[in-house]
Amino acid sequence: MGPYAKEELLACVIARLLDGARHAAVGASSPIPAAGCFLRKNFDLGFRVSLQQRRASNPFTEGSRELFDLAGQGRIDVFFLGGAQIDGGGAINLVRAEGKRFPGSFGSAYMYGVVPRTILFREEHSRRTLVPKVEFVSARGTPAALLTGKALFSWQKDKRRFRLESVHPGVSAEEIRETTGFDYDAPQQVPGTPPPSPSELNLLRGPVAREIGENYPEFARRVWGSS
Amino acid sequence: MGPYAKEELLACVIARLLDGARHAAVGASSPIPAAGCFLRKNFDLGFRVSLQQRRASNPFTEGSRELFDLAGQGRIDVFFLGGAQIDGGGAINLVRAEGKRFPGSFGSAYMYGVVPRTILFREEHSRRTLVPKVEFVSARGTPAALLTGKALFSWQKDKRRFRLESVHPGVSAEEIRETTGFDYDAPQQVPGTPPPSPSELNLLRGPVAREIGENYPEFARRVWGSS
Amino acid sequence: MEVVRALIRKKARNLRLLGVPILGLSADLLIGAGCVAEVETSAVSLGEAGLAPRFTDAVEKKSLLVKDATCPAIHCALQAAEKGVPFMPLAGIGASDLLKERKDWKVQGDLVLVPAIRPDIALFHARWADEAGNVWVGRRRELATAAHASRLVFVSFEEKKPGDMLEDEVLAPGVISSIYVSGVAHTPRGAWPLGMPGLYGADDLHVSQYAKAARTRDGFQRYLDEWVHTPRKNSSPA
Amino acid sequence: MEVVRALIRKKARNLRLLGVPILGLSADLLIGAGCVAEVETSAVSLGEAGLAPRFTDAVEKKSLLVKDATCPAIHCALQAAEKGVPFMPLAGIGASDLLKERKDWKVQGDLVLVPAIRPDIALFHARWADEAGNVWVGRRRELATAAHASRLVFVSFEEKKPGDMLEDEVLAPGVISSIYVSGVAHTPRGAWPLGMPGLYGADDLHVSQYAKAARTRDGFQRYLDEWVHTPRKNSSPA
């Protein structure tokens, strides 16, 4: 890694994945996707982001159902989903795996089926999290991408398979093959994920850090030492 | 008629019909039912009235659908319905009759089917308004009573027919038979509708007039000279 | 109402109006002025001022198409659009002749499945708009539902608020967020002769004078000439 | 939260909790204290503080029944009860394994028909209650829906307002009217360690300390002894 935090790199990748989107919504406990969205908002004036669990100035005045209604109306282009397990068919599991209980499916079962562009995000990249087949399908849909702490995958709609797009600085294509539990396609030469530019880092450490600090204070302290 | 307005008599009859009710709702343009409800509220502390079109302090904070949702929840005992035509089977018509167009069904189609106690109210008592069979059924249900400017009818559930309960002061049973377009049952001796008591009149002309004046200023001016 | 007057001056034609859940003075003016081809509504009424004369006349002369509905069905239809589902179930209306006319309402046992309505445009008047593009409609939540269900939302408003009303916990519950709002226009006293709760009351006298005048075609035309077509400094005489 | 602590002290048993649409610290405390037989929810989570440890433990030990749901299904189920209809249609969830477990959810083409949920009791904390029995919940409209859908509604609140908030056009949009409210209790800082928007923030440190302590049965018991069973002047250390 370079002179930036891994969280900063991931936020930059997310901001780039948002190209052409008008409105992204971010669910609970997703500081890195939120940071990516706020970064995008800082250079893309037409872009809107709605934080589901914003503590102050929550954009929803119809209560917590408004996010889902908005998605049903087609007013949300992008949503982020994670999972205790994510499989090679794009399914995610937020309920139970290997005898362990996880929080539950939240709105994933719905959002994955309704929002046109779902970005799967899970920082941990391991055979434990990226599995051939999830034990429980919280949600299944057509993902736009899968971003982990090590790599970025795209989704091939025709084949219904992931394709490795890039590996993050310091990670090799072989390491990805070793640590990924599902099979996927890859180009002969796997490109490196472009690192954050100086201007991206400036935005992240300034306005984005402030905005994130209001809603994910713990995270902001860890990454930027701010709150 | 005695030393009181016909509207005051009718409001008193309505207040008596509300015996045992916890919550009555009053739709648009119904000053006499509203007056009856406010009268009841003044001597029955457990009784609640919700005016659908209250200008200030409207009780509904979920918008105009809340009245119907409340009814669906079973939280409204009594509702009032009128009609350009009312027939002997209890059906009402708010849409069209004899080539004439009326405002429309409002919420009647729903409220009549859902609210346990529907009081039919139409001041005009004539063969034009009280017909054997309405031309268009806006709503059909099981009425609790039919009150007009001349008489009070109850509803016989088993026979699905009205029964004449009382005639208002100055009206004869024969006049009712002549001016009613549908057939109905009647006792041998038809009682007179009890006139307003002095205490009822006091309430009507004091707190009720004030409350009605806020929401039906035209009506209040006409009946009580207040606004 | 100011927008309604502007639509009449611009000679809008072939409008299809949806009552949420009923229509009133605005619709009667638009109908009388020949702007409207069709209405879907639970009623058209001037409230205490009585029947809507131009609506009544147009229907009796068969120059206006009416899709009769009932209030909760319209609420359901907009809520279905708000959720992006094709229909919403409604109980209780099985005995109405409305079902004979509304072949689009499907009976399923004791329920009627009311199809979603997704209006092209929601148009209403609000108390406030702010710098962030939000509007405040207070307890009239049916306007929020209509906005959510509609493709475009245009709002005239009384007063501009600085800042972002969503930052204010007390104002926020009455706000429709800018997500839904296509355009706003500053129109003080824009509801006149209807009222704006908390700011000014309805001009009952004016409405009842309208109700009398509009009983005839000529009287209606004179009303339009005086109150719609004549340029005035303010939208209201006050 | 203060009511949750009181329920634990009173040794409530066999509660069935519904998350609207998710559950958090309150549920984890009640579950850990043995008050809960069943939960229906879209998730149980402590937010940024991570997994709900007592929930997780109870499920893994099979001492708690869980009906897994997804957020919009719970909203739909309460809205169905709010309208008095037996179900509400929901799109988009057809591919989820939730459908294998929720035999009460009926698949109809691309839709799932979610049956109404009518809770016995809605319990929540509000900013204000007034002399007329109304409570103010602001933009948390899901609490209004839950109140409409429930047989009984009990509310703890921060501050008493004089008069009737429904008379105030600005406050009214955030009000749940007394029609629905069965009882209120004045409980200043009653949300602690969670926050009350506009009044005080969440006590994040306390919640994360709870999350750590409650990883073990013993740690949870010590937490209860210190923060629930020990009488204190205030519900919060502030």
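Here the chain labels run A, B, C and D in written order, and each chain numbers its own residues starting at 1.
By our rule, a residue touches a chain if its C-beta (ideal position, glycine included) is under 8 Å from a C-beta of that chain, and two chains touch if they have at least 3 such contacts.
Keep in mind it's a predicted model, so treat the numbers as computed, not measured.
Under the contact definition stated at the top, the chains bordering both chain A and chain D are C. If you take chain A and chain C together, the chains in touch with both are D. With B-C and B-D as the two chain pairs, more C-beta contacts join B-C. Distance between Cα centroids is largest for the pairing of chain A with B. Per-chain Cα centroids separate chain A from chain B by 60 Å.
Centre-to-centre separation of chain B and chain C, using mean CA positions: 28 Å. With centres set at the average Cα position, the gap from chain C to chain D is 37 Å.
A straight line joining the Cα centres of chain B and chain D is 42 Å long. For chain A, the set of residues that touch two or more other chains comprises 56, 58, 60-62, 68, 72, 114. Listed for chain D are residues 79, 83-85, 90-91, 139, 141, 144, 172-174, 197, each touching two or more other chains. In summary, the structure contains touching chain pairs A-C, A-D, B-C, B-D, C-D. Residue ranges on chain B touching chain D, taken from their complex, read 23, 48, 50, 56-62, 68-75, 114. Within the complex, the chain C residues that touch chain B are 20-22, 41-45, 47-49, 51-52, 55-56, 59-60, 66, 68-73, 75, 79, 90-98, 139-145, 195, 197, 201-202, 204, 208.
Chain contact summary for the complex, chain B toward chain C: residues 28-29, 31, 53, 55-56, 58, 60-66, 68, 72, 94-96, 99-114, 136-141, 216-219. Of all residues in chain C, only 81-85, 144, 148-149, 164, 166-167, 172-177, 179-180 touch chain A in the complex they form. By the touch rule above, chain C contacts chain D in their complex via residues 76, 79-80, 83-91, 111, 127, 138-139, 141, 169-174, 197-198.
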